[in-house]
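One chain, chain A, appears in both complexes that follow, with chain B as partner in the first and chain C in the second.
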Partner chain A sequence: MTTPVMLGAIRRLMTITLDGREVRVPEGYTILEALHAAGDATQADTPTLCWAPNLNPVNACRVCVVELEGSRVLVPSCARKVENGMQVRTNTERVRHSRRMVLELLASSVDLSQAGDDVQRWMASYGVDPQRYGPPANVAGDRDRRHAGHHHHPDGSTAETVAQPIKIDNELYVRDYSRCIMCYKCVKACGTDAQFTFAITAAGRGFDTRIATEYNVELPDSACVYCGNCIGVCPTGALKSVREHELRESGQWDPAAETITTTICSFCGVGCNLELHVQHAQIVNVTSPSDHSVTHGHLCIKGRFGFQHVQNLPDQA
Partner chain B sequence: MDLRLSSAEPTAAERNAVDNAVSRMLGAPSDSQPFLDAGHNARGRRHLLLPALHAVSDAVGWISPGALNHIARRLSVPAAEVYGVATFYALFSTEPRAPRVVHVCDDIVCSAAGSEAIATALAAEDVCWLSSPCLGLCERAPAVLHQRAGEPDFSQAPASAAAVLAATDASRADQVFADPRVSAPQAGQAGLRLLRRVGVVDPTSLDDYRAHGGYSALRRAIQLGPSRVIEEVRDSGLTGRGGAAFPTGVKWDGVATAPQRPHYLICNADESEPGTFKDRVLMELDPFGLIEAMTIAGYATGCELGYLYIRGEYPLATRRLQAAIEAAYRRGYLGPDVMGEGFAFDIELRRGAGAYICGEETALLNSIEGYRGEPRNKPPFPSVSGLFGKPTVINNVETLYNVLEILQIGGPGFAEIGAGRSTGTKLFCVSGAIAVPGVYEVAFGATLRELLELAGGVTGQLRAVLLGGAAGGFVLPSQLDTPLTLEGTRDIGATLGSGVVLVLDTAADIPAVLRRIAAFFRDESCGQCVPCRVGTVRQEEALARLTRGAPRGSWETELALLSDLARVMQDASICGLGHTAPAAVQSAIALGLLAVTPDPSRNGSTSGKVRP
Partner chain C sequence: MLWGSNARETHPIFFHHVLQGLKRGARLYSVDPRRTSTAQWADGWLGLDVGTDIALANAIGREIIAAGLENRTFIDRATTGFAAYRHTVEPYTLQRAEEITKVPAALIKQLAHAYARADRAQLCWTLGITEHHNAADYVYALINLALLTGHVGRYGSGLCPLRGQNNVQGGGDMGAIPAKLPGGYDLGDDDARARFEQAWSAAISAQPGMHLSQMFEAMERGELRALYCIGENPAESEANAGHARHLLGSLDILVVQDIFRTATAELADVVLPAAADWCEYEGTVTNSERRVQRVRKAIDPPGQAWPDSHILCALAERLGHAWGRPSAEQVWDELRSLSLKWHHGMSYPRLEALGGLQWPCPSEDHPGTPLMHARLWETDPELRGPAAPFVPVEHVPPVDELTDEFPIRLTTVRLLDAYNSGVQTGGYMSPMRRREALRMDATDAAKLGIRDGERVRVTSRRGSVEAPVAFDPSLRPGLASFTPHFSEEVDTNLITNDAWDPKSGTSEFKATAIRIDKLTPAVASG
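Presenting the complex of A and B:
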């Protein structure tokens, strides 16, 4: 009896051009993967917000758009699969305009100050000017209750934002939706792409869409199991551990001092890789690499938050 | 999957409403399985989510936590997801609400016809009312929709404050719609094709339908066989009437030849483009025609099940179609052996719940499947991977009625009607400052001027025509000789869209019209993608500043900002809603309809007249 030998999927190569340069990439790649694998440094630096290496393409933010010969509109590089003969352009005025506007529209409505260095760099290089929509409107306390199809008619003197009170309703992580860009990544991580808990959803419609539990109940009353996988994929700091939130609030957050130690979780036998983020001899966060074959970046409550039990902090003794 | 639900329990009424809806749609056998925990069984029920939410909302007027839990349990859908779907739709409330709600249309035509007075009167009487985008009754403006718990919903149009306050029930209210000529002034005239039976046939009688030529087209189709039906449709040159004008024959052929099974048919009756009411008039006055046309489409493309997705704000059309479907079943025109010809075709009626975006074909798929009505990324197109991932034909109501005509006169005969590539006749929804508003059928190629004359002429002095609806653009008096064809309108930078011809005279407040359109898109954006979700907000804000005469910086910087927004929405949005959200505003700017300084010849009424 012969047993099949697993060689992995053998993929045909597709020929496409990136800004006029011909490259060959495996069938099934997205344009973004092609840009990462075969593009030059600028092409590989295509901005992304709702894409993550360990999730299916969400295709919502549209910051990654490129021009595709024969397509009337721009296409999302993160979601569009390559086809033989595709001619992709990444640096045209149209592409730059749309990327600038997506970043600008987000920056004018969402607090992006904790969104990471890449985002800040892209905003600078695309020339984003969020101020031109007017001064940001005040914090709105009613965003969770807005009814689809109805909104307060603006007079345009201020720019509407998603600013709202932060949600702190459990001991492990906070939800600061003033920073939420509605990338849907937390919903995917909680649902079909990793956790299959479905504790959170997009609710409402249009600009009033928000991430919510049913009837906006607090997390302890929801289906949440505190795996923290939503935190792991959140690109803007909207979701973060209580530890990080407190350090930031007290002015003690010090990313420059952060070191990362890789280890394996000892709570059970699965063998999840952990990355301990340490600042000033304290673990502040735990993540897992998204390319790790066991975790794909996702953990459970023990790996993600159990660090509180492995260190004896003076004030917790 | 384990469901973790709160302890809230449904009331008896809520439980019954959900159970009845679910068992009615599943049929008894599978319903006797008490547990549906996981896997295929559970996934197979998610598509009942929207009907279950309707059932609860119809029964008690809102979706309570207990009712939501019961739906979650019955359908094995997580509570958060049910909530996410319920809050997507304008007709559902997840907070307690009065059992009787009046939706008052405050869209372009109705606000010009005095809808504000109705709202004011209702507020004074403490009636629970909500403003609504166009209710698809513009020929009878002003319009309201009564949404009632425990009783059927109904429309009232034309409505007055007194009539709305005195409204009793659906059967009385429906009588107001008895005279078909109010909606279709040509009714009964010779030479009509799409409107042939409108106002002539009894919409409640299958026999009368047959006496007026009903089911002869299906008979002809069966004689021809599926592939020759598709040939006829291809030869006819018929293009979709839902807005995108895609060749119907190509679409049908794609699904008919797709190897994957089953195939699905969807009739898109979500008609929500402001100013559009043609599909409603067809469905109310000739419902069996749509049933027959869907049956032909299903037969030709190999579908055994067709979904008829009708706008939630169309109670009368829904009643008529529901009755027509039941009658067709009883008489063997639908079911396992249609007309004894050995093929099966069923129709399921699904109601929308207040979401313009669900008319976009992929949002429609998600809505039927029980997900939020968010458009999908294309490709894949529905003809390859549509409903439940299967090859799916989606056609507009008017498109399907054309198929009846094609089978009567043959594809080539149909292609001779009209002009150039625009073959056949077209329904136009004429409303606003016009003597006799209503649905008019003309052959493609008639000019806008001829159409306006047919409708009795403009009342007042013509300022502009909004052609194609909120997603369309303006046409000036100097362009009235434009032939109404796909090509003719494209040549002047306009679009026929869904056939909206909204007439604005010099008394119309065009900046206010633009603000209403901007507010519409801001409300109806699904919220998925940034260009549209935030762009529609910024567009509305900029228009508000301009129409208040308070630009940030200068008029020019505001126009540049609007143009920047328009480009990102057109280029980078996911779907047609975002692509067309800036269309009317940009068209008005290009044609000088959004004047900077008050035009002295018009007594300064062009700007600054918008309520803050």
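Presenting the complex of A and C:
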């Protein structure tokens, strides 16, 4: 008996140059995938914010831009597909300047203190200095009620921000949009890239754009089914579990002590891989590897939040 | 085709893959008595009466044959019993099927043609098929459709029962089925049994033991007096639970091994606290696609709780068998040494490196088998092996008949954020959780003078429970539903039917005849 093995479509190889060095990658790759697969350490470390391996390119943040010979503008490497003969430059002054501006403008208006280690490293290596835009403008906290264009015009001495009060309206997760860089990943994960629930989307225009439920209702009144796939893709800590929020608030959040163990969810027969994030003998978060063929990094409410029955909480001892 | 499955809520991550397929132009048909959140994504919803699935499947088969859409080449080459099947389905005309199932004939025809004409088609089912008194016949009715159209053994086509637990498949593969040895060998297979006897230095009876439903009957006859219950909560999960609890309570000894003090543990003489093996110990589980994957220890078990295998080994020691304390990997390697066809090639290092392997995987250089039954397409009879038989089956209505006294059909359903008897999911706060209610059609309720939210008495031939009513547009007139999740609010299985399928042993949870009565004020206050 023959055993078919799924190899995927056979793809031609494309020849491109990365900063002058010729490489060959399969047709259909994006420039970013080529940088990951065939680039040197620096090229492979191309910064990304709105890109995720388990989502379609969002094209929102522009931090991954590269110079392309023959192209008037910089191109987002996360979305541009490779073509034979492409000459890509990643380390020019124009590229570095553009990436620095993206990070700097975001850092001046958004609280990036809980963004991942990658983001902190890129900010350092691109020389990001958000302070040069001045101190944060007075925070009115009314961002959610503003109509498009209703923000005051900055006087040039302070930095306008997206600060607004944290939203805690359910038992499972918090939305802290002062940390939101509008990367749209949560919208994609809630929508056609994974969950197809469409509970959230972008509301407003321009600088007043923010992520909102329909009519900005609280989560329990929205279409949300609490899969937490928005949390899973959020790069800045704007979306996180209530548990993580509480531990951070009480000063008990301890990522240095965290272990991550991969196991299999017990709640149905699909076989979703769960990564149990454990700090001090407590499960603090559950994620799934984005490169696993069963989940592609996405979970349901039971898989992501249904672990409380095995939780060894101190007050239960 | 999703048949008797609300995968959107019960297998959400599987359904993610379905949704990506729909985005790329795949079509979806949902066969379900309820217009579920799965059905809302479907191109066609066949809302049939509970317990009429065989009539529907036979009518689809008949229509495919009548339209000349059966796969003659495949039928002739790889199947047996087609003539008998055609004879059996002949009376199931579209009109007759519409009368039995209440699904419009045109819709049945549409599904029959869509399924038969599709390049590739999957047929998946869950408990809507398997929780009936003739459940195995339901499955045969679906298998017949796949054989008729050749939608089996080719990439993208096939049949799949979506398993309800992370190791239903693995438990069966490990021999937790009365007539099977680990690795899928029949107990009656003398060669296989001899190998196991030699490896285990013990005699193995060729006679199958009892399955769960038979055990309860043996308890009733007084033949089964001692029960050792591992990770199962039959006091709440058995149909006709009042009767089950009485039988459990009258045993000479009941030993319960569980991660919680369940309702069953409350009845036990001895409770052995177990670790939650999926996160407190090591091992493997096998999912619906036969993929064996590793579970790993992330946290310590609480208190005196031990992994199941450690408890079993300690018990064996007390009974005079020195099994030692094998690690999970050592237990697995013993299984591999005996399961030559399915698991032999699945070493722990390979499972780690590949993130799982699908059986059959007979050797360490074998890539695993994502696609089963491909042999049926071989032109060489030698490679093709035994033919797949059509098993003609007839429609038989549910045991619990609808009468004037019990006019409403009750079915059991599951919710996205809860799981089975609620032992595990009761532990976390879900913002979606609603109190348990009898969900029913508003017009049915109006006829009885019942308001939304009113508490009523729900009575079947076995017992009665009280519950509030919630109107639910997914339920058609004549149909009502309970979940099994919240027995502390509504003890659903007090009224479900324990009539069981002689082939699979599963009770008819899905089809209970009930009466709904308004509570008199005196009763309501009591």
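Throughout what follows, the second predicted complex is superposed on the first by the 303 of 317 C-alpha atoms of A that agree within 3 Å, B and C clash if a C-alpha of one lies under 4 Å from a C-alpha of the other, contacts with A are read in each partner's own complex, and residues count from 1 in each chain.
As a working rule, contacts are C-beta pairs under 8 Å (C-beta built on N, C-alpha and C of every residue); 3 or more make two chains touch, one makes a residue touch a chain.
Note that the structure is predicted; figures quoted are calculated from it, not measured.
J.: Is A:Ala38 contacted by the first partner chain B, the second partner chain C, both or neither?
T.: It touches nothing on chain B or chain C.
J.: Looking at A:Ser108, would you say it contacts chain B, chain C, both, or neither? Reply first, second, both or neither.
T.: After superposing on A, A:Ser108 lies in contact with chain B but is clear of chain C.
J.: Given the touch rule stated above, what does A:Val310 touch, chain B (first), chain C (second), both, or neither?
T.: Second partner only.
J.: Looking at the overlay, does A:Lys302 come into contact with chain B only (first), chain C only (second), both, or neither?
T.: In the superposed model, A:Lys302 contacts chain C only, not chain B.
J.: Quick one: is A:Phe196 in contact with chain B, with chain C, with both, or with neither? Answer first, second, both or neither.
T.: It touches chain B and chain C both.
J.: Going by the contact definition given at the top, which residues of chain A touch chain B in one complex and chain C in the other?
T.: Common to the two interfaces on chain A: residues 196.
J.: Within the complex, which stretch of chain A touches chain B?
T.: Touch list, chain A to chain B: 57, 59-63, 65, 73-74, 76, 79, 94, 97-98, 101-102, 105-106, 108-109, 132-134, 145, 147-151, 153-157, 159-160, 181-182, 184, 196-209, 212-215, 217, 221-223.
J.: Going by the contact rule at the top, pick out the chain A residues touching chain C in the complex.
T.: Those in contact with chain C are residues 1-6, 170-172, 192, 194-196, 219-220, 224-227, 259, 261-273, 276, 278, 281-283, 292-296, 298-303, 305-312.
J.: Where on chain C is chain A touching in the complex?
T.: The contact residues of chain C facing chain A are 10-14, 16, 19, 23, 41, 155, 162-169, 259-260, 276, 278-280, 285-289, 291, 293-300, 302, 355-356, 366-367, 369-371, 374-375, 378, 383, 385, 416-417, 419, 423-432.
J.: Which of the residues in chain B end up touching chain A in this complex?
T.: 1, 3-4, 6, 65, 68, 78-84, 87-90, 93-95, 130-133, 354-355, 372, 377, 515, 519, 522-531, 533-538, 540-545, 548, 550, 552-553, 557, 561, 564-565, 567-568, 570-574, 579, 612
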